[in-house]
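Presented sequentially are two complexes of subunit A, the first with subunit B as partner and the second with subunit C.
This part shows the complex of A and B:
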């Protein structure tokens, strides 16, 4: 299997958030601090990898007609496991992500990869796909988180760094725009991040075209 | 009565499901290119959300709670929703073919709409899942009101988007990014309702 290609696809050219536009709800809702972003990203990565592996292992057993229901049941099982583990060991994260942890069940990334990849490929390839797509999702979340946290609360690394997890203050307290950590900011920042990634992709395409032309 | 009115105001305006709480963004973005389809999706979602609230209330109160299976909530709720959507689809196909034609394509999509699972989980969190007729009514009202909030947001958004499509944004903003920014401005407008309380 071409690991490097899969990795680049997950991270950039087929990034679940910026290119496939999947899993928007969580991307918009929980990206208010770095802690949330990393936590949510890791939770989705773990669930995605596990469900990809199990679905790929069972792909010849599950009848075609009821495959979606079967996938959802498998995914819901893993989500419940992660939900309970977070409640037990990282209650702070569980509290700040709230209902969006159980809502990973209907996160289109997980079901989308199950349908588009795991149901057609081997166990190992599916595991790699799960990890790569998960990392791509985490990176996109972290980028949105960092921008929103910096502009909205003026800090970096909220929940993780600084005194009592308050984050490192970069912009003085009286300046940040509160609206950016509110729902409005989610839409606006994600819009700009997507525009940026579209511009980047276009530039890369142009470059590779030029290279081909030079050959 | 006041409680019901309060739920309605919250779900429609101050705590709008899409623009404030971010449930159901996928269909909000995906099915909002035309007002007609947006309205169809909204009606279908409202219908399923009210039904799902009722069904999940029953499953939680009469099955999970007596058996002490609270941790199975997510799994059982999503299964209830998935089968409910299937049943609604078959029912409409057989008995109300006109409505089925109008809503048909949206129904399968609703299973993975996080607004539906979201409202049920919120109902459970709010403590509506108690064996009591009034609480049952509250959870159904919350489901239906959430659906109406979804409909309001998606119809407003679709009507703005129909016009934005004719505009010429910078190259890299074409398509999704400009739609997100439009949604952001709509959310800004809805922020004006925050703190709105009648009682």
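This part shows the complex of A and C:
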């Protein structure tokens, strides 16, 4: 097990959003304020880690032929638990994320990691994978959120900071491009974030190649 | 299929495993639901209560069930000493907006509060927000009566719509109109 490698994979080189392009539905839909991004990221991280651990623990018990059905049942169970807990104890977040919490069931990141990682690796490695992939998802969401909120509403920290959760105003009210908050802006911003992460990875690759060449 | 395993045993083994998993998950959900259901119900009741007292000073005494409503969006009417609180559900940008409209005994709006909605964050959601902009939007309805239809400025009315959320603003006007008409019908 290599924690550092798994962490880098989750954060950048195999980031669920920018490289694996999983969970696009939630990434495009809820990334309009910082509060949403952090909340959704945390919820997915918790569910992903729990389901990864349980699926990894049961990987030798679950027959191969019915594994997808078994995984989905386990994931749906965890999602419903989180949904009920949020509704009861953090109603503000539950209202803000709305239908996207139940939709984590079909968020391909969770099933994707169950199939690609947890079903083939030990419990501890799967837990680390869940946390790392969850962090990667959260970071990607937060980046998209901050850009969309800044350009679309002209604020930072919506839902968390400022009077009544309006966020801290950075761009005067008449300037922000409202379309950035709409779906089309989601696609645009996501595209630029993907390009940015690709460029970053390319630079890192070139650097490590140069280092090898110098040796 | 394992060696020497009959087809019946094979099917039973698969079905049995899946059944066990679903049974355990169902039991877990039942436990969590038992714990959270009362809390959620309490929260919802408190929210309705809060919405009523926000728009109707003094709260309500009785719920009126036989009200006339042509629009079909009025769901509940509560009566108190100072007037009525009407729950209406106009269609918003992509779903129903549930809101409470307070109407005094003279048929003027006392205030509106939004109970639940799924409007776009940062646009339509401003109507329900506790921000200065949201409060200003809701407060402009206070004192309006049923003599004229309440409309946004774009449609020739007096309501200053939320920037970029004309549909949400219109929906709220529709809700307020329906509430006023409903109370007028009560006499």
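Some observations on this one:
Assume the second predicted complex is superposed on the first by the 215 of 215 C-alpha atoms of A that agree within 3 Å, B and C clash if a C-alpha of one lies under 4 Å from a C-alpha of the other, contacts with A are read in each partner's own complex, and residues count from 1 in each chain.
Operating definition for what follows: a contact is a pair of C-beta atoms (placed from the backbone, for glycine too) under 8 Å apart; a residue touches a chain by one contact, two chains touch by 3 or more.
Since the model is a prediction, treat every value here as computed from it, not as a measurement.
Once chain A of one complex is fitted onto chain A of the other, the partner contacts of A:170 are absent, as it touches neither subunit B nor subunit C.
Within the superposed three-chain model, A:62 lies in touch with subunit C and out of touch with subunit B [touch as defined at top]. In the superposed model, A:202 lies in contact with subunit B only, and not with subunit C. Using the contact criterion defined above for the overlaid structures, shared-chain residue A:84 touches subunit B and also reaches subunit C.
Shared-chain residue A:186: touches subunit B; no touch with subunit C. Contacts of A:73 after superposition: both subunit B and subunit C are touched. Once the two complexes are laid over each other on the shared chain, residue contacts for A:124 go to neither subunit B nor subunit C. Once chain A of one complex is fitted onto chain A of the other, the partner contacts of A:111 are limited to subunit B, with no touch recorded for subunit C. With both structures placed on the common chain, the touch criterion links A:95 to subunit C but leaves subunit B unconnected.
Residue overlap on subunit A between the subunit B contacts of one complex and the subunit C contacts of the other covers 69, 73, 76-77, 80, 84, 99, 182. Across the complex, subunit B is touched by residues 21-22, 24-25, 28-29, 68-69, 72-73, 76-77, 79-80, 83-84, 99, 102-103, 105-108, 111, 179, 182-188, 190-192, 194-196, 198-199, 202 of subunit A. The residues of subunit B lying in touch with subunit A in their complex are 19-26, 29, 71-75, 78-79, 82-83, 111-114, 117-118, 121-122, 125, 170-181, 183-185, 187-188, 190-191. Interface residues of subunit A, counted against subunit C in their complex, comprise 30, 32-33, 36, 58, 61-63, 65-66, 69-70, 73-74, 76-77, 80-81, 84-85, 87-89, 91, 95-96, 98-99, 149, 152-153, 158, 162-166, 178, 181-182.
Of all residues in subunit C, only 13-14, 17-18, 21-22, 25, 28-29, 32-33, 35-36, 39-40, 43, 116, 118, 120-123, 129-135, 163-164 touch subunit A in the complex they form.
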